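The next block holds one structure in the form of structure tokens; read it before the comments.
Here the chain labels run A, B, C, D, E, F, G and H in written order, and each chain numbers its own residues starting at 1.
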């Protein structure tokens, strides 16, 4: 089974990235997770990317903030699909990270997720892997059904309690 | 072989989307291409998404501008990976399209490309498909090598001509 | 009497949406309120929109944040007027929600309110309904007169206390 | 039959506003159209707003660019629903107009449309009027069906011609 | 002596506006201060503006947030100079207020200050009044000299303590 | 009579600044006009500012684009009121110029006009000077009346021709 | 040995600027540090800049927020390289400071760092000085090696503990 | 003499970069100029950076647009000072390039210039090199004096012709 390779530029990104890990564990997708910096350890990062496929990785998730070069730098060294998570910044809210990840030049794509959208990065990786793994496909259908059911349960609760009581009950 | 399904919200997006088509043809990836609107033909769009997998589609590319709901609306109805192309707008430059595509809620990812980044949407789709199709993998390696060679040829030309002559020769 | 249908994408929007409910109750406008997601429960959402008029709804208020597709997705399935509340986001302040709601394509309008502007969404719904219901018209005139009076009372208090004491008295 | 009142701050907005007029004529909605400025003719503008209901107006459409106060200034003087069209500006693309129209304070709503979204302003006005006028309701259903059909015809043409020929045929 | 007229749209702006009052009191400039809303009490606001000159006012300071129409609405009704203070908003940081105040159309200027820049609004008003009142001119020169001296004293303290101790001493 | 001093950072700003000159000539306000750069001729610029009052200047208008320091640099060297015109930039539309002019620190105000708002800078200067010169006050009232009349004439023409003919007649 | 001259517009910038000081001390680079304002003490600031080279300074670091003119004003008075630190603002996050620092006109460059990027300003100054001082060059290589090692140690810890334990251990 | 190394990501950047070349030639600074891409030729780019110092380079200028990783990627592989030129983009005006260049993480600085600010990148490089080369220092003083003189000549022309004739003479 192909693994997901997760890379983040700094351990300060781990609280966000952890949400991607949780999704992968829920789906029982194998993964590797690394701290590697496009700027502080560029050669190690490039090596990771170059060897990813030989190491059994099928999709790479890379998280970075500010001048968020990590996903693009990895994408330049592999032809595995790379999914980028723009990390929120304290100054610009993450719009800097988003632009740095998404506005890649012709030839080297990176798939941009929402700012801090780590769960979706993992879900998207699972969706990619499910093309070659029908079991994931079924699990994803269940996951979506669960999500839908949660929405419906909340709606039922709202019908039952009304908005005022609902708010009290959840605070 | 899995196909790529391309959808655009309006035929005014076709000049951009055509660049994705050209990439797919270069890689000899089969594709379908449709005009379908999240807002003007919502049910047809939803049906397309729901039936995509049964119709042999493996990846969906959706292009839209402004309140660019199309990729997200399709992603809500399929668990195939959906790649979004934010179309440049005359008023906001496409930042509206980008936010509408990328800022998806937890659970339903869309992979955002650069504004007007149609080639990369297609290349990313090929990268996804290459996981199950080593032939694409080889072609992508060649494509990258060609790109690198073009850069190097331009650099050689620059060394030969110098910047002044280079500019004259290319204008 | 026509009802107002309120929909929000997630119960995390309820603290904001509650302010719309309070206005409707003040005006004794009947309403339904639902949690329904453009992405997690797309078919239920579409059904709600399609059946809204038959269910006695005259105006729909839809609140959503980020890639805030909910108002547009509902507007695509009904020709009742749809009023959108862009929910503030922790990363982009709600400018993403605002663009996703307001920048609708030709043919399918959504009426955008201020970010988190739930009271105004409800007031606007009442203004629409008052066209067919002169009683609401009178109530709205009173509501405006009350608002004006509150401003004038605050001004009187400011004249009386001066800015320094006014600030102390209200802290 | 209730009329639509259209106001623009300057005749330089007329090329955009004209698209709203065309929609209203298509739907055979009666309308008045005025040039009146929030800043240059404030009293005339206020009078227009105060007398609008007595003059048989049911919905007001106001277009303005830059510090686009016109819709809000009118909304302050009437309780008819006011729909704002933010006009694109040459410097900021219309984001200034959008914020000035949409970010109204609690109590006085304005319904913001897309930047330069004049057609949708008119369609939204018709949707409001159709609550008291079932004939408009039927016409709007037809209008939507026509729009959907145009999308489908374009899609059929695309299936027939393929993207390359389609582009040639429409250039 | 000409007075300064201060107007704010809501008493929630008073903590910011109070800083303008403090400057005016420091310079012993007479002032009036009012709560008056462009949208909730439009006629009272217009009257204030129309009568301002006859009431002995020479400069008007108007503070507002969001769709900050107040300064422009006042400027439309008087030819006294109007200085606008854009109030910071919780969603957009005040860029909405800034655009609404500054992007006035040709013919009706408003002088925009920094977001929340209430002191500078008052200082600017004093600078205007000092043209007809040399005493203010002298006071302003002293005020500037004091500011310069404070900067120099802080610099001296920094030379003496060094950055580490300076930080400790001021925390 | 106090003069207006106009300064621009580069002669490329003159086409915009000329509109301020035209207003001053219309009002028969005396003026000086200079090209002086905050960065290229800082000492000459500072001298201009320091000597402005002694040279009979009452208000300074400064136009600059990009990191538009000129108005602030002048304001630092004079206590005459300084009005800043943010010049539109080809890259950021002038939002850079606007922020650089408007976001001045506490103590040294600059009055920001709209991007490229040169007419309003001149009108604002006249409004300031009219406090000490009732003749300008009367002229400004006439100017406003003329503006209002132009709006009304355009409205009359629109009532007469209708929007379609109006557009044809003005193209 | 050439010194680094550090200037900040206000002592409120010192907590950020202190991080630059710490880097310079780590590298044993001599420095001066001053509080001097482009607007409140313009002449002292200009003198500092004019005399910097004669005072043994080789690189100037200037920090400022809002209409952050300080780096540009200094650059106008010296031909030493000037490095600007845009300080985060509470209203616009520092994008105003960034534009004011970076968008300098042709002829007078300022080197912009990240918002609040004080460490990098100091590191960049050291990189400049190392051209004439091979010892700094060696120290910088060590500094980078240390940074790389820290990243690798964190990665090793992550491999050992896994993401869950890592997060617990660092909170 | 140390050389300047210029790198651009694509030959489409050459028209902008050429302006840096012209400055270097004017100052008789030796330079190398290359086309090398962070994404399409990452290894060649890294090698260039790693060998730059041994090849006699003292400062590197790197120009890139969009997700402009090139300057940061080079900075990660050398400790020579790296100056980044953000290239204007057709969609976002270059704010994407600016953020990607300027918002570098702690440890690896890049000196950001204005969008398309190629002359200033070269001037800044000369300023750096002048620390070890007093001849450049003198030339830069002359360059600045020439610039100042040009401004003064334009001002003299403006005094002579007046704004109206000046505009005619330069169009």
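The rule we apply is simple: contacts are C-beta pairs under 8 Å (C-beta built on N, C-alpha and C of every residue); 3 or more make two chains touch, one makes a residue touch a chain.
Every value quoted in this text rests on a predicted model; they were computed, and no experiment measured them.
Visitor: Just how many steps, at minimum, does a route from chain B to chain F need if it may pass only between touching chains?
Guide: Step count on the best path from chain B to chain F: 2.
Visitor: What are the mutual neighbours of chain B and chain E in this structure?
Guide: C, D
Visitor: Could you work out the angle of the rotation that brings the CA atoms of chain C onto the matching CA atoms of chain G, rounded to the nearest 5 degrees?
Guide: About 180 degrees, rounded to the nearest 5.
Visitor: Of all chains present, which has the mean Cα position farthest from that of chain H?
Guide: Most remote chain from chain H, centroid-wise, comes out as C.
Visitor: Thinking of B-D, which of G-H, D-F or E-F forms a repeat of its interface, with over half the contact pairs identical?
Guide: D-F
Visitor: Look at all chain centres (mean of CA atoms) and spot the one farthest from the centre of chain F.
Guide: Following the centroid criterion, the farthest chain would be A.
Visitor: In terms of residue numbering, is the interface formed by chain D and chain F classified as same (over half shared) or different (under half shared)?
Guide: different
Visitor: Just the number, please: Cα centre separation of chain A and chain F in whole Å.
Guide: So the centroids are 50 Å from each other.
Visitor: Please work out the Cα centroid separation of chain D and chain E, and write it as a whole number of Å.
Guide: 36
Visitor: At what distance in angstrom does the C-alpha mean of chain E lie from that of chain C?
Guide: One centre to the other, that is 33 Å.
Visitor: Residues of chain C that contact two or more other chains, please.
Guide: In chain C, residues 10, 37, 40, 66-67, 92-93, 95, 102-105, 107-108, 114-115, 144, 147 touch at least two other chains, as defined above.
Visitor: What's the complete list of touching chain pairs for this entry?
Guide: Chain pairs that touch: A-B, A-C, A-G, A-H, B-C, B-D, B-H, C-D, C-E, D-E, D-F, E-F, E-G, F-G, F-H, G-H.
Visitor: What does chain G use to touch chain A in their complex?
Guide: 88, 93-95, 114-116, 144, 147-148, 150-152, 154-155, 158, 163-164, 166-167, 170
Visitor: Show which residues of chain A lie in contact with chain G when the two form their complex.
Guide: 10-11, 14-15, 17-18, 21, 33-37, 40-41, 44, 66-67, 90-93
Visitor: How about chain D: which of its residues touch chain E in the complex?
Guide: Touching chain E: residues 9-10, 37-40, 42-43, 46, 65-67, 69, 72-73, 75-77, 89, 92, 95-96, 99-105, 107-108, 110 of chain D.
Visitor: If you look only at chain A, which of its residues touch chain B in the complex?
Guide: It comes out as residues 2, 58-59, 79-81, 83, 98, 102-109, 111-115, 117, 119-121, 123-124, 127-132, 137, 140-141, 143-144, 147.
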